[in-house]
Each structure stands twice: as structure tokens, then as C-alpha cells.
Amino acid sequence: MEQKTEEKTIWDKIGTIDYRYIYVFSLIMILIPIIQPIGIPMKVGSNAQTWHNTIVNIPAHSYILFNYYVDLSVWADMGPILVVTLNEVWMIPKERDVKIFFYSSTADGAVKMRDLLVTLCKPPQWRTDSYGTTWVDVGYIGFPNEAAYASFVMDFKSLILRDIRGTSLLDVPAAKEMAAHAAPTDVLTAADFDLLIWSSWGCTDPDMYVRQFWASGSPPYHVPMLMQTIGNCVPNVVPYVGPDKPIRAFIPGAAGAAELEMITGLKGDGTKMADATDLGGVATVILIALGNIAYLGGRFLGKKKEEK
Amino acid sequence: MVDIYTQLGVLAGALMIIGQFTMLWKDNLYFRVTTRIVVGYYMMYMMCYYVAMIYGRTWNAMTVQGEWWWAVAIFLGLLMYTRISRQYAWIAKYPMSIALGAGVGTVSVALLRAQVLDQITYTVTDLFTATSAYALFNAIVIAVALVTTISYFFFTREHTGPLGWSAAVGRAFIMCSVAVIWAGDYMWAMAMLSGVLSYMVNNFIKGLMLGGPIS
Amino acid sequence: MSTTIRRDLPILLLAIVGFLYVAEWFFGGNVIPQLSTFKGLMGTMVSVIAWTAVGVGTIYGISSEYYLVRRNRNWQQYVTSGSMFLMMIIMAIIWIWQWSGPGRAVGYAFQSPEWRWWLMNVYSNQTQAQYAIMFLYQCGAVYRVLRVRSMETTVFTLAGLAFILKSIPLFLTVPGVSEIGDWVQGAPTLGGTRAATLTASLGALVIGLRALVGKEQTTIEVK
């Protein structure tokens, strides 16, 4: 019986590299800058610049609602953004009289924040001394669904009764002052805030936050937002981004954090990871190029030989 | 000198990471044990947290302020456990109906404003408020993308003729969106790998094994 | 009677709650303040219901693990399932032990060194590693799938590449990369996503309205 064998062309060989070699190649490319940092130059994008400008140029006597969302399962990507943003907010001068209301929509946040406040994100001494008058932290609020958010934006006391120190919410001077900002003056609502800084890696959350913090209320709350997220939620966020739209700027991932660290001068994990991202990206381009060279070469230049 | 608990913590973390990486070779017992440990941890973590939340929100309110209706909410929540029984699973429909009604009511009108009317408004106003040729070009691309993508999801007529061409263009825009979603996911996963490898190199190898500092 | 109690009454309850929420949108605030009070109260009630019901998932998780052990009576399954149950017992002990101290706030257990040790060292590292190995699988996919075979894959490859290059600081120094990446993100992606958001929202609205009037199949189904 005759046997036919097809000899693999060079294009087939390029196009069918064993996946284990690809894993090892990618791992090595990302490991190199971790073991020996390279310090590849960076450029700042428009998103990071707008983010920075919004915080730095916030009007005096403003109130910021800050959701220090922390999910430890994605800390490597979202942690750097939170750290640099929190430090940037702490850098707002005392004379601007900007007050901050902190809460966390994740259980991990309540635990991690205690660490951050004594290590990477230490507030300036005047803030530490003025807890309750210039800032308040209510810890973790478990929002199981959107109805909970709807009730929260109408009245914060529906879900939080006291702050992390056990003081009844509206007995905290800062919270009482914030509640008096917009009608009704004895109820803390979303309308009392001039800026919401929040994070999420749930890609349906931008829709929910826009519904509740922007479109809800009579009149609508229209709270402008800055959003920290991960890369694959970018398409879900962009329909709401713009100077007159709900989300003023967004930072997708550690690469965005690196840009923000460059603008603010607060070097952190984002900058350290930028090198790894650079070489990982180079590896990606090489893999895409190899795959397409193999395909196009095989399609237009390849010949198959048959041996008897 | 780093304390023993921190060192044990780094060792535990490294063992969990290595357990996950063994999956790259093939499914194995080590991988399954590390996964189950975290599943068990997270289930108990969430249960404990929510018991604490219920206690914090309702106990004082009921016992001190006399707000008895929280007991009704807790009772309705407990009715959800009837789902476990085939005979009485229908009882869980009552608390689910309340939650579903609240959810539908919350979302419906806000969604109409924020996700439908506002999006159409932005698309149209961008066309007429463009301040440069580039901005106008972008606004036109966005409007074309919107119309053609919606035409792709129009299944009342067969996609032939002008509708077919429109749907094909819409398909290209959908692929563009999907590509950006995928690319973002790729970059996110890359950042996660950098973080994990950084932990292994800096904390485990340099810190624990070679006696350096542990962050 | 059975159908009334099992199907019709829950649907009626759903409709009442839903329509009161919708009514609050139009007549809440100063017009009929009781509607706003109802919405605020109901949001918290629904939260308490959901918090109480979290245990259902835990029970399903435990029972499915138990059935796995019954089906596969080998030492590997005992070790796998045993590690999950052991972990749950350890965390429950830590929580009760840390909560039961005199004068301690309910949330103290989660700030205790023991709880934090497990959270920061075990949970955080394992979950991040899970997502990290996804990158390596995606590298294999990038190599095999992103080839310009058709119009769709060509658009996919080019748009994906443009976004990846824009996200990498090294390539931002190359002229044009940032501008092309911003354009891909800000124009075709925006249009496509806006259309998807609009279409999905209209669909969700229709399903919500059908649920409110009792026409939605999943609410009509009776067991």
C-alpha cells in the first residue's frame, strides 16, 4: 500500500509552535524586568491628565465621595491606582477646605484600608487630627443589588448607621455639614457631593453607577465621577466619558496608574510594573506577528510536497 | 528580622501561587486543593460578613429603637432557604418577588434615561457641537457605528440587500468593540502575572529564601 | 388554589413593589413623599433579605461537595473536599473567637491578625495567581487565533493590537500609536458599545415590563 506523508513547510512550523514554548517565552519576558528593572521611558495619556486635573483643580469647599473599592484578587492591577489616587487626594491643600466621605463597597476594602492608612497612603497630620471634621470613613457597606444603591443615594442612613469609630452618622460633624449642602438638609444624599471617585472591575457597574448617581433623583443628582477600572471594562465606560458626561475620566489598570504616578511624582507599583508591561507587550507583538507571518506565508507562498 | 508569622505568610502565599501554576502542566491534586481552600475560605468569609452586616444594621434598630419591621426582612430572607426543599421551594418565590420587583422598578426608568435617551442625545449632539473636522469625523463614525450595529441586531427581516450591507458594517464595529474588550482583558491578565511574579521574586525568593526584606 | 398561592400572589407582589418604585420616579420627592419613604425602606429591606439569603449558596456549595465525596470515594477526593471543609471550620472558629471578646465591635473579627493573615497571604495570592495563569493561556490564543483570515478577524486583530500598543508605555513613545489607539477606543468602539448598550437596555426594559405585568415566562412558571 502506498503511504503519503506531507512534509511540514516552514510556514507550518512557524504556525504550530508548541504552546509550552509560548508560555515559557511569555514568562521570561515578564520576569526579566522584575529581576532587573530596565526603566523604559513613558508618555502620559489624556485620561490620566484629565484625572489629575479634576482632582487638583477641584473647587474650594467641595465634598468628595470616595469609594475605596479593594478586591484583593485583582490588587496587582487595581491597587496601584487606588494608592496613587488616595495620595493625590491627601495632597489637596488644607486651605481648599475639601471634605471627603470614604466608604467601601467590598469587604476586602475595609480590611486593606487600615493597612494603607498607616503605610502607603498615610494622610497628612492635619487630616489625621481632624478626623470627623474634614473626613469621615464608614467602612464596608454591603450592596447586594441595585435597589440597595437606589436607597443609598436617597439617604445614606438607610444602609449605614455609624462610622468606623462607632459614632452615629449624622453626629459626625463632617457628615452633618455634607448633608446640609443640598436639600433635604438633614439627609445625606448623593446630591450633597461634588465628585465621586469609585472603582470596580464589574463591567456592568458603570451602567448602574450612571443610573443611580447621575440619572436618578428629582432633580437628577448629576454627580460627576472618576472611575478606576480594569482594561476589559473600557468599552463599557467610554459611552459615559466626556467633560459634560457622567464620567469625567477613567484609569484602566496599572498602566494608567503608572502614568498618574509620573504626573504626580508619587512613584509606586504602577511604575515598577510598567517595565514588565513593556516587555510583555513586546512578546505579544512578536506572537501576533509570528502567527500572521505563518498564515500569510502559508497561504500565498507555501507549497506542500507529497512523498510516496 | 522579619517575624515568623510574616515568613509563614509568604511561604503560604508562594505555595498557593505554585499550586495554581501547576495547572499549566495538567490538572492535579495540588491545584485542586489550593482552589478548594480558597473556595471554602470565601464562602465562610461572605457568610460571616453578612451576619455581621445584618447584626450591625438591624439589632440595635430592633431592640433599642423598636423598628420591628427588620424582623420581617430577616424572616423573608430565611424563607429563601426553602429553595433547598423540593416540596417547599415555591415559598421562596415570595421574597424573590419582592427583590425582583424592587430591582425592576429601580432599573427600568433610570435605564431609559441613562442608557437609551442620554446615549441617543450624546450621539446626535456630538454631530452638531463638533468644534473641529477631526471631532466631526469621529462623531460621524460613532453615528454610523450606532446605526449599523443596531441594524445587525434587527432580526425581523433577513439580512439581504441594504440591510445586509449595513449588518456587515455593524459586524465590523462589533468586532472592534469585542477586540478592545479582549485587549483590555489581556492587559489586565498581564498585570496580574507581573504582580504575582513580583511577589515570588521579591518576597519569596529574595525575601524569605535569601533573607532580604519582605514588603 | 395551588396556582394562586404558588404563582399569582408572588406575581402580584412583584407588580405592586415594581409599580410603586416606578411611581416614585414620577411622583416621589415633594409630590407624594410616602413613595420616597417606601423606596428608601424597601431598598434596605431587600438588602437585609439578600444578606440573610447568602447562606443558600453556602449550603449548595457544601452539599455539592458532599455529593462529590459520595460519588468518588477515593483519597484524592477526601483530601480535596476535606481541605475545603477544614478551611471553613478554621475561619468560623477565628470569627467566633475574635467576635466573642468583651466589648468588641462586630467588625473586629475581620481586623484581627489571624483573619488578615489568611486574607492577605492565602486568599489574595491564590486568586491573583488564578487570573495570572489566564494570561499565559491568552498568549497561546493570541498566537493561534489572531490571524487575518477574514474581515472579522482582521478588524479584531488590528483593533486589538491598536489598544494593546496604546496601553504599553514603551510603544507610546512611537509617533501615532497613542493617537490611533485613542481613536479606536473613542470612535468605532464607542459607537459599537453604545449600540450594544442601547439594544441591551431596550431588551432589559421590555423584560422588566413583562415581569411587572406578569407575562414573563420565568415568573409564570409554576413548580
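For clarity, chains are labelled A, B and C in written order, and residue numbers in each chain start from 1.
As a convention for this text, contacts are C-beta pairs under 8 Å (C-beta built on N, C-alpha and C of every residue); 3 or more make two chains touch, one makes a residue touch a chain.
Small disclaimer: the values here were computed from a predicted structure and weren't measured.
By the count of C-beta pairs in contact, the leading chain pair is B-C.
Every chain gets a centre from its CA atoms, and the centre nearest the mean of all protein CA atoms is that of B. Centroids built from CA atoms put chain C at 4 Å from chain B. Centroids built from CA atoms put chain B at 13 Å from chain A.
Chain A and chain C have Cα centroids lying 17 Å from one another. Annotation for chain B: residues 24, 45-46, 49-50, 53, 56-57, 99, 102-103, 105-107, 110-111, 115, 119, 122, 177, 180, 182-188, 190, 192-193, 195-197 touch two or more other chains.
Looking at chain C, residues 25, 41-44, 46-47, 50-51, 107, 110, 119-120, 123-124, 127-128, 130-131, 135-136, 142, 157, 161, 163-164, 167, 185-186, 189-190, 192-194, 197, 201 sit in touch with two or more other chains. Taken residue by residue, chain A touches two or more other chains at 23, 27, 74-76, 107, 140, 142, 145, 147, 149-150, 159, 207, 231, 234-235, 239, 252-253, 255, 277, 280-281, 284, whereas all remaining positions touch fewer. Within the complex formed with chain A, the residues of chain C that make contact are 25, 28-29, 36, 39-44, 46-47, 50-51, 105, 107, 110-111, 115-116, 119-120, 123-124, 127-128, 130-131, 135-136, 139-140, 142-149, 157, 161, 163-173, 178, 182, 185-186, 189-190, 192-194, 197, 201. By the touch criterion given at the top, residues 5, 8-10, 12-14, 16-17, 19-21, 23-24, 29, 32-50, 52-58, 69-70, 72-74, 76-78, 80-81, 83-84, 89-90, 93-112, 115-116, 119-120, 122-123, 138, 141-147, 149-150, 153, 168, 170-180, 182-190, 192-193, 195-197, 199 of chain B touch chain C in their complex. Every residue of chain A that touches chain B in the complex is listed here, in rising order: 23, 27, 30-31, 34-35, 74-77, 107, 140, 142, 145-147, 149-150, 159, 161, 207, 210-212, 214-216, 220, 230-235, 239, 242, 245-246, 252-255, 269, 272-273, 276-277, 280-281, 284. Chain C contributes residues 5-7, 9-11, 13-22, 24-26, 41-63, 76, 79-81, 83-88, 91-92, 95, 99, 106-107, 109-110, 113, 117-136, 138, 142, 151-153, 155-161, 163-164, 167, 183-199, 201-202, 204-205, 208-209, 211-212, 219, 222-223 to its touches with chain B in the complex. Looking at the complex, you find that chain B touches chain A at residues 24, 45-46, 49-50, 53, 56-57, 60-61, 99, 102-103, 105-107, 110-111, 113-115, 118-119, 122, 177, 180-188, 190-198, 201-202.
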